[in-house]
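By letter and in written order, the chains are A, B, C, D, E and F; residue numbering begins at 1 in each of them.
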Amino acid sequence: MTDSPARLSHVDAAGAARMVDVSAKEVTGRRAVAAGRLCTTTEVIELLRRDGLPKGDALAVGRVAGIMGAKRTPDLIPLCHPIALHGVTVDLELTERAVEITATVRTADRTGVEMEALTAVAVTGLALIDMVKAVDPAATIDAVRVLRKLGGKTGDWQRPADRP
Amino acid sequence: MTDSPARLSHVDAAGAARMVDVSAKEVTGRRAVAAGRLCTTTEVIELLRRDGLPKGDALAVGRVAGIMGAKRTPDLIPLCHPIALHGVTVDLELTERAVEITATVRTADRTGVEMEALTAVAVTGLALIDMVKAVDPAATIDAVRVLRKLGGKTGDWQRPADRP
Amino acid sequence: MTDSPARLSHVDAAGAARMVDVSAKEVTGRRAVAAGRLCTTTEVIELLRRDGLPKGDALAVGRVAGIMGAKRTPDLIPLCHPIALHGVTVDLELTERAVEITATVRTADRTGVEMEALTAVAVTGLALIDMVKAVDPAATIDAVRVLRKLGGKTGDWQRPADRP
Amino acid sequence: MTDSPARLSHVDAAGAARMVDVSAKEVTGRRAVAAGRLCTTTEVIELLRRDGLPKGDALAVGRVAGIMGAKRTPDLIPLCHPIALHGVTVDLELTERAVEITATVRTADRTGVEMEALTAVAVTGLALIDMVKAVDPAATIDAVRVLRKLGGKTGDWQRPADRP
Amino acid sequence: MTDSPARLSHVDAAGAARMVDVSAKEVTGRRAVAAGRLCTTTEVIELLRRDGLPKGDALAVGRVAGIMGAKRTPDLIPLCHPIALHGVTVDLELTERAVEITATVRTADRTGVEMEALTAVAVTGLALIDMVKAVDPAATIDAVRVLRKLGGKTGDWQRPADRP
Amino acid sequence: MTDSPARLSHVDAAGAARMVDVSAKEVTGRRAVAAGRLCTTTEVIELLRRDGLPKGDALAVGRVAGIMGAKRTPDLIPLCHPIALHGVTVDLELTERAVEITATVRTADRTGVEMEALTAVAVTGLALIDMVKAVDPAATIDAVRVLRKLGGKTGDWQRPADRP
């Protein structure tokens, strides 16, 4: 971020959408961590906890959907580059009324992987809503955001404290 | 929702994931409205407003991504039925620090389309983050939720006031 | 087509893209025939003819690509409805310097299938260029157009003579 | 099957591939059951059994892959019709050296769903091989076959005893 | 192109389709420019021009479809290698009765990207036909062809003057 | 394989599915050969042989489906890495009552390509069943297995004689 006026990078001077050329960017190890939250009822959380039994697939479906969603990022986000993905994890933690979702994506390529991490979180959230919507049709996905980014020219970026 | 103990509909008694059989459900006109919010900075909102010029593709990219995302719902959500979609609109409204996203999906089929509406909202949000992330890497997607559902056996459902 | 001023059907009054609601349209048998042409050299046509031997897959690859392409239409064309397809054929005819491509698509659904037929033709053409480009890098796809449309409210439409 | 000479239905008289026209077929309830087997070592089966713990995702990944695979059938099988799917289940049973895979697919449409059931079995088998290949690189998928078909013009079909 | 008899590179000596092995090819910067033309009526061109207003998504939909289409190339073209894409632009220019489409694709990989550029042009053309077909059902895609290719072993290739 | 207790590599210590991080693995040339068998009747084999005529697309459809299937591997297998593919061949050999399927996949990347080779074999088998099922609804896919693996840290692996 310089002093020059900010611009949307994915549109040209006339405003036309484009996939920006990253040929000149270096292939380096990159990592991104994103998070989000499924807000629901204590009843649903109790059902998900009880699901911690043999063949308790409810949370597994969320994890698998998120990992597969990360791979579909360039299909979903129009101007995203198709890139290699070297590792994806999706962690789910049950609190009293929410499922906290954290996704970590790793690559060694020319662009960062924050969109892949955000997509993993969002798709995990959607898959979990699908699992619980018969019990809680008002379940909500909140706070889908990047927590941290490592690697690439801009180096390490950490979410500032004043952006919750 | 009856007095009988609630259950996750997408797992069987043993907890195994399944795509539930909807053969017995009626083909009826159904509609779902979902909404969400891209939270960002006043600077980004200003850039998106200025983009309201010829070839101002930034918001168009979000709308198109959301509509196409609705069509990819059964690819993304593991246990979702592949169904016909008869109409999808994605509306974007700029406020001071946010883009309010509303998606309406219509069909005449055997299942509701709330997952399609939620997916449209989430993918629109992801595509907008991709557009603005060079200027605001801390942009967040919030409050992805169903507002209203019409049609099908359960009839009209409106988001309760106590679930913001 | 009435006397009222023509409008682009896929954008609303403000110009925003949308997937138009077809719920009110009738489910009827519909058919569309589209055509196009791969223009290349006599040498390439000779190679394709000789390919008419056991395991002569060159033209088969074009046919299969076109049929599969028809099924991908709603993935490719942003505002196209996902619909059922009941039959797809792709016919290839070799002339002196060209491969004439004709695709016929059938359905019984709420929208016409001319986009599916056009997509079948275009993808067949692209697959054939891929087959021949090592020999003729200047091969061209020409005249991708609808020849005829049957069924639906507008009834039978035939390409007018003054639009070649 | 009549006395008239058998023909491959997906190629025309000249041998060209086509998606056969099913417009004239009736929309009826249809069901197909297919099965297959992952053959591996007692050690792997033991690992999969132990996985029957909280967050034991190994078998869940197989089930989810199979259900999602059923939905991808028309993308994978060139001449398959894209059809509605109303229900998919994938059952896994551990024996001494194998995982027995059974998939049941239901629809109400114009074609049978045996290809969807077979695809669910094959993709489940592939996903399970991927899970176990670090321990048993020689794991094999065997006996992917239709067990039973119900509905449609040909009515009920049951696998003959002399075709194991 | 040598004196030895030309052969279709994507079929083996017996004519069987294959994805040719490019392991031995060098990873180098490559670029391809392709073009094509949507031929329509002056009335449609006028509507597209007027669309140059806020939320004028018609041309944006074409651009976005083309960029996303470039990413789907290996899904559509059976024997195309899946490769990295480092940049894609789609330019649209309105003339009296046509939209001139030009796509530029960049990569650093083992194969050229002319198929990706051609696919971007063809899919842009299809998306534009979809936008205008209610007003001009006879709109045609013409002259989809490679203009220029740079990089790789064969070096710079420019469309010869005698191949229009 | 060491003396330490074997573990499923795609689940973590708690059993949660993940896409394992391969960043540290070397980019090397890798190859995998997999095979399988379509078991059917002498009548079907005879029909497939006769199909060895001009436009005899039946076997071509199987080959093309297998090659395209290899490219879809990361879409189908939840925890598979998306990787580059540098070459894919699918060979079909007719015996008295079977079609022997062999797929060879090559890459230069961070993971092996045995899943891609197995997927090519399985999808070829599924596409062939689809071609012949009207004549032999009991056709079976058998013995889908890796024959050989070359490259990568583990080096050359050949199927042991005691695992048929």
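Quick note on the criterion: a contact is a pair of C-beta atoms (placed from the backbone, for glycine too) under 8 Å apart; a residue touches a chain by one contact, two chains touch by 3 or more.
By chain, with names taken from UniProt: A, B, C, D, E, F = Cyclic pyranopterin monophosphate synthase.
Just so we're clear, the structure is a prediction, and the values are computed from it rather than from any experiment.
Taken together, subunit E and subunit F share the touching chains A, C. Put simply, the chain farthest from subunit A by mean CA position is C. Fitting subunit B to subunit F on Cα positions gives a rotation angle of 180°, stated in steps of 5.
Comparing E-F with the candidates A-B, D-F or C-D, the pair whose contacts agree for more than half of the residue-numbered pairs is C-D.
Two copies of one chain, subunit C and subunit D, touch each other, and the residues they use overlap weakly: the shared fraction of interface numbers falls below half. Of all chains, the one whose CA centroid is most distant from that of subunit B is F. Between the CA-based centres of subunit C and subunit F the separation comes to 32 Å, rounded to the whole angstrom.
Touching two or more other chains at once are residues 16-17, 53-57, 60-61, 63-65, 68, 72, 75, 78-79, 84 of subunit C. Of all possible chain pairs, the ones that touch are A-B, A-D, A-E, A-F, B-C, B-D, B-E, C-D, C-E, C-F, D-F, E-F.
Within the complex formed with subunit B, the subunit E residues making contact are 52-57, 59-61, 63-65, 68. The residues of subunit E lying in touch with subunit C in their complex are 1, 6-11, 14-17, 36, 43, 47-48, 51, 53-58, 60-61, 64-65, 68-69, 72, 75-80, 114-115, 118-119, 122-123, 125-127, 129-135, 137-146, 149, 157, 159-160, 163.
On the subunit D side of its complex with subunit B, the touching residues are 29, 60, 63-64, 67-68, 70-72, 84-91, 106-108.
The touching residues of subunit A, when paired with subunit E in their complex, are 12, 16-23, 74-75, 78-79, 81-84, 109-110.
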